[in-house]
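Each of the next two complexes has chain A plus one more chain, namely chain B in the first and chain C in the second.
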Partner chain A sequence: MSELLQYIITGITVGMVYSLIALSFVLIWKSSGVANLALGQMVLVFSWFTYGMLVQAGLPLWLGLGLVVLFSLGMGWLIERAALRPLIAQPILSLIAVTLGMAFFIEGLVSFIWPRSVAALPRIFPEDVIHIGTAVVSQEYLWAAGISLLLFAVLSFYFKYSRMGIAMRATADDQLAVQACGVPVTRIFSRSWMFAAVLAAVGGVLMASIGGITHGLVETGLKSFSVVILGGLNSFLGAILAGPIIGLAENVGGGYLTPLTWPGVKEVIPFIIIVIVMFVKPYGLFGEERIERI
Partner chain B sequence: MLKVNNIEVCYLNVIRVLHGISLSVADGSIVAVLGANGAGKSTTLKAISGLLKVEEGEVTDGSIDWDGVRIDNKSAEQIGKMGIVQALEGRRVFGHLTAEENLMVGAFNRNDRAEVKSDLEMVYTYFPRLKALKRNIAGYLSGGEQQMLVIGRAMMARPRLMMLDEPSLGLAPLMVEEIYDIIRRFNVEQKTSVLLVEQNVRVALGIAHSGYVMENGRIVLDGTADFLKNNEDVKEFYMGLSATGSKKSYRDVKHYKRRKRWL
Partner chain C sequence: MDLPAGIRNFTYAQDMAIFRTRWQWMMLVVFILALFCAPLLLNNYWLGIANLIGISIIAATGLNILIGYCGQLSLGHAGFIAVGAYAYAIMVSRFEWPFLAAMIFAGVVAGLTGLLFGIPSVRVKGFYLAISTIAAHFIIIWVINQWSSLTGGYNGMGVPVANLFGVSFAGQKNQFYLIFAITVLVIFAAKNIARTRLGRAFVAVRDNDLAAEVMGINLFRYKLLAFFIGCFLAGIAGSLMANWIGYLNAENFTLNESILYIGMIIIGGLGTTLGPILGVVFIRLLQEGVNSISPLVEGWIPALPSGFTAGLGPMVFGLVIVLFLILEPRGLAHRWNLFKASYRLWPFSY
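== the complex of A and B ==
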């Protein structure tokens, strides 16, 4: 029984970080309809950059993390400006292919600058563990979950009520019509990439402070794809709920099934769940359905 | 006052679709641009609103003046800020947004929050139906309601010139009449000029002060609405009336076509 509580808490909190990274994906999808396949690599490069700032340059925590945010803003801006803007009004598939190219580019860049394969970040959060009932949780997990929730709330409000947020959603619906309303779509795209990069950076720092910097961070990006597919490609709510579902399935299912089956079963369970959900709700749990009037 | 001086428009640098179009819209007037499919009506509007650049089109000759300022080299955003707004053809609402959010996107470039609120009410008085539907998802509205939403969205920009591209497209005659009545009232009450592109010649000339007839990228006829309404060629080719003014009957269909006098 005690292990169940442990599995649940770990599952939910790790899932929240998946959610956070998934939010980054949803943000870009919602405003421009582009699937950012370089997400995992962005998470990777930002956590390595954090390592560079905090360990290699030895900067204090506040300055280092501040620089990481600035760097991610700049990188998001640069990606949009250099790679995606020239392709505005081209078929969406070309844009997605460009993000795939970006993924390889970033990966190459990372192994060029940081040739080693693993590293650990210094402690960002307090060290002592917290006891919840019989379960023991280290503080990173709780911080990660809290930060994810906070960013989710901010983003949801921004998209629902702010002028820019509404315009971003409108842009996803009809790019030409939005320009006819005088909305500068280029500014919308660059802003959504900048925000998305910051989310990826926060997710990267959180994941790295939990599990260290490894190439596994790219797979975390992949896992957040399954989160968005489960939750619905354009739903923040879907992303924030689907993350813990995936996390729970992984940890609870994996925890109990591994002794009975084979060691890798943990990785497979989320995908089995996704397949089942896709049968019932093809747009994901909270995805927008394509509107067709007949 | 909008003045279009002899513009030529090319798409992709090779396909020339407008061969010297000139027209003017006086402040506070309604001007109709009439013509068949492919005449270049929508292209003319897009040249004015700056949306041409998005579609790889370019004004290669001539100029467009708005109150004496040249605007044919400005971006759609700048032109919008100068008070020209275009409602695109084909009821292009933002399908996943609510009706009210659609209207708010129309006011994107305005910073006078209080006035935007009162303009929202103004749009709702012109289109009472939209007020009842303001929380509905725009994609599920009926065709007429979507067209109202698109026009209301253009109104929200508080334009000095509103360009409407075929507002009657695909609507029932009663709905067309209702929408045209609202356009006319908006023009009279808010002093907004309207440049109207339309294939439905009868309703367009019903509210317009003057009009232009376009064919193959040229203007072939222009004049006041009354002049156009009584022109034999317009009647024959655009209103489906025979020379005597009565409805055409299949019994007296001729083997030859009447020649247009403007060719």
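== the complex of A and C ==
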């Protein structure tokens, strides 16, 4: 029984981080219709950058994390400006392929600058474990979940009340109409890439503080695609709810299915969920079904 | 269109021929003769690269039918190649099937796997399909790694040397003939698929699947057929790959390899017969170039970070893919056609 509680708590908290990374994807998809397949590599490069700042440069925590945020803003801007803007209004295949090219580039960059394959971040969160019932949870998990929730709240308020946020929602709805109203669409694209990069960076730091920096972070990015698919591509609410579901399925399923099937089943559960969702309800729980006209 | 001046067609057969003039036939024969004489000149190292190029051309041609003609995105091509490779290896080593039967069996198994993961394509497209094929890749690799009673798991499995009509295909030179004979056949088949009803239906589906359906094209059938053909060729490439490597391990088939295949057909030119060939040659030679140059550069400039060799390759490939998409989205095949046109019209370019 205590096992189950442990799996559930781990699953939900890790799932919240998946949601955060998925949110980064949804943000870009909603505003510009670009599927960012370089998400995992972005998560990887930001957590390595954090390592560089905190460990290699030895900066204090506040300065290091501040620089990480600045770096991710700059990188998001650069990616949009250099790779995505020349491809506006190109077919979806080009848009997907260009993010794949970026993924390759970023992966090369990471092994170029940080040739080690594994590293650990210094402890950002307090070390004591917390007992919930019979389960023992280390504080990173709870902090990660808390920070993710906080960011959801901030983003929701931003989209609901700020001028730019409303413009972003409008762009997602109808680009032509928004352009006719005098909203600078390209600025909105670059703004959404910058925010998405920051979300990926926060997600990366949280994941890295839980499990260390490994190449598995790329897979974390890929797993968050299952969150996106389950929740629906253009739904923030879907991403927030689907994250814990995936996390739960992964941890509870991984815990109980491993003796029944093969080891490593935990890692493929999100991908199996993707396939099942594709067969049953391809547009996800909250996604908008596209109706096309010729 | 791109015929020399003064060539006219008097029969439909002439009009439909791929090679229209005697000169073109001659070029073809000379090229194929030169290709099959190449093993006499090349050493083992270059023959190995040529073999890899041949295998990759088969796989890329399959992917090109799927993406370039039918517009169905697949990011799991390396996974389907792995299915073919393992199906071949299991049949040959455990059941002692003959080479040809095992190769075709490998193609069919890979094709059926592709069908299974391609079924969502009937309802979704674009990004959804990309993700479901990525999922396919991870599931396939997991099954291969864990089903160790059949595949050898993480330890991998050995593949016995292929044997056809009493000729054993050991060594790079013998394999070169085998691989390139099949490659030529595959290219010819792909060219003809593109020209027949099937290929035209694929193109209609790619350009607008709703409109195609209204015109009477059965979407379910043709999309799945594209998946089957594309993955069948991946399976054939996989069986040759198994034969060529001699020792299979799931590490040979990474997600990056799939991305590289997409990069190859984009660089070569989507939806052309020539495209995959040019793209594969370009990327594989670039790979070799990077692999052989980066240690040299590291020797010249010792101040470089130690990850230089590992990081340079992916960086270059990523950059090349992005630059091609931005600057020449129609690929090398388009450039080649422009070059041919200007060469033919020179010096009067009008």
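The working rule: the second predicted complex is superposed on the first by the 277 of 294 C-alpha atoms of A that agree within 3 Å, B and C clash if a C-alpha of one lies under 4 Å from a C-alpha of the other, contacts with A are read in each partner's own complex, and residues count from 1 in each chain.
Assume a contact is a pair of C-beta atoms (placed from the backbone, for glycine too) under 8 Å apart; a residue touches a chain by one contact, two chains touch by 3 or more.
Treat the numbers as computed from the prediction; the structure is a model and nothing was measured.
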- Message: Quick check on the superposition: with chain A as the shared anchor, is it clash or fit for chain B versus chain C?
- Response: fit
- Message: Just to be sure I read the superposition right, which of the two partners does A:I229 touch: chain B = first, chain C = second, or both, or neither?
- Response: second
- Task: Determine, under the contact definition given at the top, whether A:V118 touches first (chain B), second (chain C), both, or neither.
- Result: neither
- Query: If you stack the two complexes on chain A, which partner ends up touching A:L260: first (chain B), second (chain C), both, or neither?
  - Reply: neither
- Message: Tell me which touches more residues of chain A here: chain C or chain B.
- Response: C
- Message: Per the contact definition in the header, classify A:V280: touching chain B only (first), chain C only (second), both, or neither.
- Response: neither
- chain C versus chain B - closest C-alpha approach in the superposed model, Å: 16
- Item | Shared chain A contacts, counted only where both chain B and chain C touch the same residue | none
- Note on the structure: Counting only contacts in the complex, chain B reaches chain A at residues 49, 51, 54-55, 76-77, 79-81, 85-88, 92-97, 101-102, 104-106, 108-109, 137, 139-140, 153, 157
- Please give the residue numbers of chain C that touch chain A in the complex, ascending. 67, 71, 73, 75, 117, 119-120, 123-124, 126-128, 130-132, 134-136, 138-139, 142, 145-147, 208, 210-211, 214, 256, 259, 262-263, 266, 270, 305-308, 310-322, 325-326, 329
- Listed in rising order, chain A residues that touch chain C in their complex are 29, 35, 37, 83, 86-87, 90, 92-94, 96-98, 100-115, 222, 225-226, 228-229, 233, 262-265, 267-268, 271-272, 274-275, 278-279, 282-283, 292, 294
- Message: Show me the residue ranges of chain A that touch chain B in the complex, using the header's touch definition.
- Response: 89, 163, 166-167, 169-170, 172-174, 176-184, 288, 291, 293
